[in-house]
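Below is one structure, written out as structure tokens; comments come after it.
Chain IDs A, B, C and D follow the sequence of writing; residue 1 opens each chain.
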Amino acid sequence: MSTGYSFRFAFESLKKDFWINVIAALSAGVGLFLVAILSITFYSINSVTKKLPEKFTIILYLKDNTPADEINKLLTDLKNNSMVKSARLITKDSALNELKKRLKDSSFLVEGLDENPLPDSVEIRLSSEAVEKALLKDFIKELRSISYVDDVDYGEELMESIVMIKKTVETSGIAFMAVILTGIVFNFYTTIKILFYRRKEEIETFKLLGASGGFIRAPFLIEGSAIGIAGGLVASFMLFGLTQVFGLLSQRLPFIASLNIQPYMLSFLIILPLSGALLGVAGAFLSIGRIRY
Amino acid sequence: MSTGYSFRFAFESLKKDFWINVIAALSAGVGLFLVAILSITFYSINSVTKKLPEKFTIILYLKDNTPADEINKLLTDLKNNSMVKSARLITKDSALNELKKRLKDSSFLVEGLDENPLPDSVEIRLSSEAVEKALLKDFIKELRSISYVDDVDYGEELMESIVMIKKTVETSGIAFMAVILTGIVFNFYTTIKILFYRRKEEIETFKLLGASGGFIRAPFLIEGSAIGIAGGLVASFMLFGLTQVFGLLSQRLPFIASLNIQPYMLSFLIILPLSGALLGVAGAFLSIGRIRY
Amino acid sequence: MIHFEGVSKIYEKQLALKEITLSIEKGELVFVTGPSGAGKTTLLKLIYAHERPDKGRLVVGDYDLSVITQKEIPLLRRMIGIVFQDFRLIDTKTVFENVAMPLRIRGLSDRDLKDFVFDSLRLVNLRHKIEAYPPTLSGGEQQRVAIARAIVAEPQILLADEPTGNLDPENTKAIMDIFKEINARGTTVVIATHNPDLYTHSGRRVFKLQEGSLTGVEVL
Amino acid sequence: MIHFEGVSKIYEKQLALKEITLSIEKGELVFVTGPSGAGKTTLLKLIYAHERPDKGRLVVGDYDLSVITQKEIPLLRRMIGIVFQDFRLIDTKTVFENVAMPLRIRGLSDRDLKDFVFDSLRLVNLRHKIEAYPPTLSGGEQQRVAIARAIVAEPQILLADEPTGNLDPENTKAIMDIFKEINARGTTVVIATHNPDLYTHSGRRVFKLQEGSLTGVEVL
């Protein structure tokens, strides 16, 4: 079987029905583009929520007159704990300074105090893995049981909402992706099915002339992959357009800078046409089905 | 032309290629479903952000010893301003009480004060229409120019982010909708194009036998609308499934209750099959094209 | 009924008909003959407005085909029954539905068209294949379905393009008898063929084509 | 070369061939005849494994068609050239490409197949239509392309189903001469037809079918 001929055959037939193929490629392109921006969105949201727990802080209020070496031991223990990202001692003096700063114009309120009424405290930042609610509860219980810890402040509400956001993003993100992907697969299937319907008669004739399965399939697979690659390029192009739009927008709206695609652009320029080609070949293969003589 | 025959013709041909039609309907269904959840999401986000400005507050700090009737006049003026939703006087006494509450355990700090150091203030809540940034700036300038107003505190940052969120949601929402809709139109087009390719020969023969355009088109339009209606029902079904999932989730995650679809379900059950039918008829019409003898 | 006046037809570079002038009267039965590629099918295609003349004037019934509008073409075609050389049956419809199609196009209801369809299929000896689909028919059977469809609506003009190419001598004779009877009832019949058995000793006019030119008209 | 032993073929309820027993030797040229619907095409379809026998044993060359595997069918078909009753040309390919197809399937390159294609088209008098697409050809021209395609690969067996149904007497004679010459070079030729002109005075064996039964074998 001459491969050169298969290619020529495929490209002739691509040319013959040029517009239907353009539509097929555009359709595939839109699909791939959707998958791309969805995965980018999903990825960014995920990496944003991943960082949230780091911002989640537990404050240990220590009892007055806790010995310095006990405090040091506590800090080392905490730093060795895998859940903890950082632990920092805030002395009563720096706490007072902070309060003064926070009161701003009203700082005269505390100006006149003789003695610092605030306790020493330890600020603990959690690492991103520590989101598991049950684990966290245990950890806090443990902290509370330390004899010289007076009180633990850990923003229960904030933690709950973080857990919720993560779960919501994950669940609905996966559901959404699944729906869109289903749509794209259907779309590819129907698109390639057109190629098939257009050539049903021809395939039948090829079989009667003694053509092997490979001879019959080859031009279809080439055609499918060409459409897929074109679709991938369309998607890349749309993505590039989107980055430009985002670039313009983000100057006026620094808010959306988090959805920056530019750094991934090159990989998408490779990945999109490649997965387009794969989808195209798979779709062509499926739509031809088994060749029975 | 006998309409009964057109219907019979359409349904025979739907039956003849049952699976390709099922796929077409599913494909259309996924598309319509996506549009549906997108518009719901868009709508909910929009209605959430619409309410945001109400929560945006301007505080006017009044100079000491402002006469009571001046204050009253200011309040009436403000209440008559269309941008203002409510204006409330906070006397220096209630301000102090609030501060005490806010300091909680540290309230002893202000306990010992002889004289209340805080000024009277007016809390202004803006109505939702007042988001226009330039207008707001003017408004604040105006407030500042009042002689007995000491200072204006209006959370510039908060306002900026509200404006940004709104713009981002609007821009990216519309862009996303446009992309998805394009995809759906392409999908419908390719789907119906299959019907067309399958029957190209038949149509040619009908023309040669003297059939009018209407006679040729009718079964196609019926077939297209049947597929569209089926797709709409599929979409409704998926949407219903989604509400069930949300119902289950929202028990554990009160967070997502804002995306509640249940109340709109009935209208979707009518709108989706209807727009499916319209899309189907339009797609069929487009894919047949002009009938030239 | 059918008047060609200096009609030429050129496909891209291929000259298919050259300055054809001929008249076929209402109620006539005529033959068009000539070797493969002479232009027989093209001549018929011009009559039912599948192709438009590039030169000359062509009148069919009340229609001048050089100036016919899109709206008139279906009306013209409804007065013509056609046996296509390649049959053009609808593969996805039964034999009954194929033959019923011209009547449906004319707006007849199921009840009204039934008897016409049965009669027509009985004439071509295929009453028993009523439920079959065209791809399951033999070549000659398909040709006979095409003939049944062409005559079912009792057209004013019958055009038959090589209508017996796939038929054995016996069936050929039967079909020719049908054409003669339809003609006797007033239908103008034009048969394109290269089977001399059909027209020799027929006593009808035979138009001879050769490479697109009309080379002679004889009564054989 | 081709051996039928009590072969029957039933399509759903239609009995198409009934207990056919016949042998065609290597290098023979034979005719199959019978009225429309007698089973001629079915008999040929069995030979190239388009249909499988429901009963009996059928051997073509080295292949026993009752037990032939999916992998062997393309190989069987590559030893057979077929003129289909409905031509089965590929509308989207030029005449050249249509005729070249059997050679491409056998793996020949552009350079190698060119001369074969030209020769074959010259034989059927269509060298000038090399760039045309089948839908722009006349019925007889299409049939001749189908014949050119069937003979281009010099098959061991040539099956021709009503190969002259759309041809005028002159072209018919030319085609029959080609078949005879190919046969003289060693190809086994089976021609299904209901045109008695082809087989009378041919001096070849004629198998007569009637409603699926073999009613006689004569040398005419």
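Keep in mind that, in the parts below, a contact is a pair of C-beta atoms (placed from the backbone, for glycine too) under 8 Å apart; a residue touches a chain by one contact, two chains touch by 3 or more.
All figures in this text were calculated on a predicted structure; none of them were measured in a lab.
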| item | value |
| --- | --- |
| Common touching chains of subunit D and subunit A | none |
| Remotest chain, subunit A as reference, centres from CA atoms | C |
| Centre distance in Å when subunit B and subunit D are each reduced to the mean of their C-alpha atoms | 67 |
| Intercentroid distance (Cα basis), subunit D paired with subunit C, Å | 29 |
| Euclidean distance of C-alpha centroids - subunit A vs subunit B, Å | 24 |
| For subunit B, residues contacting two or more additional chains | none |
| Numbers and ranges of subunit C residues touching at least 2 other chains | none |
| Chain contact topology (line, ring, star, complete or other) | ring |
| Pairs of chains in contact (touch as defined earlier), listed by label | A-B, A-D, B-C, C-D |
| Residues on subunit C engaged by subunit D in the complex (per definition of touch) | 11, 14, 33-37, 40-41, 85-86, 136, 138-141, 143-144, 161-162, 165-171, 194, 196 |
| Contact set on subunit B toward subunit A in their complex | 20, 23-24, 26-27, 30-31, 33-34, 37, 99, 106, 108-110, 113, 117-118, 161, 164-165, 167-168, 171-172, 175-176, 179-180, 182-183, 186-187, 189-191, 193-194, 197-198, 238, 242, 245, 249, 253-256 |
| In the complex, subunit B residues that touch subunit C | 1-2, 4-5, 13, 16, 201-202, 204-212, 215, 292-293 |
| Contact set on subunit C toward subunit B in their complex | 48-50, 70, 73-78, 80, 82, 84, 88-92, 101-102, 104-110, 149 |
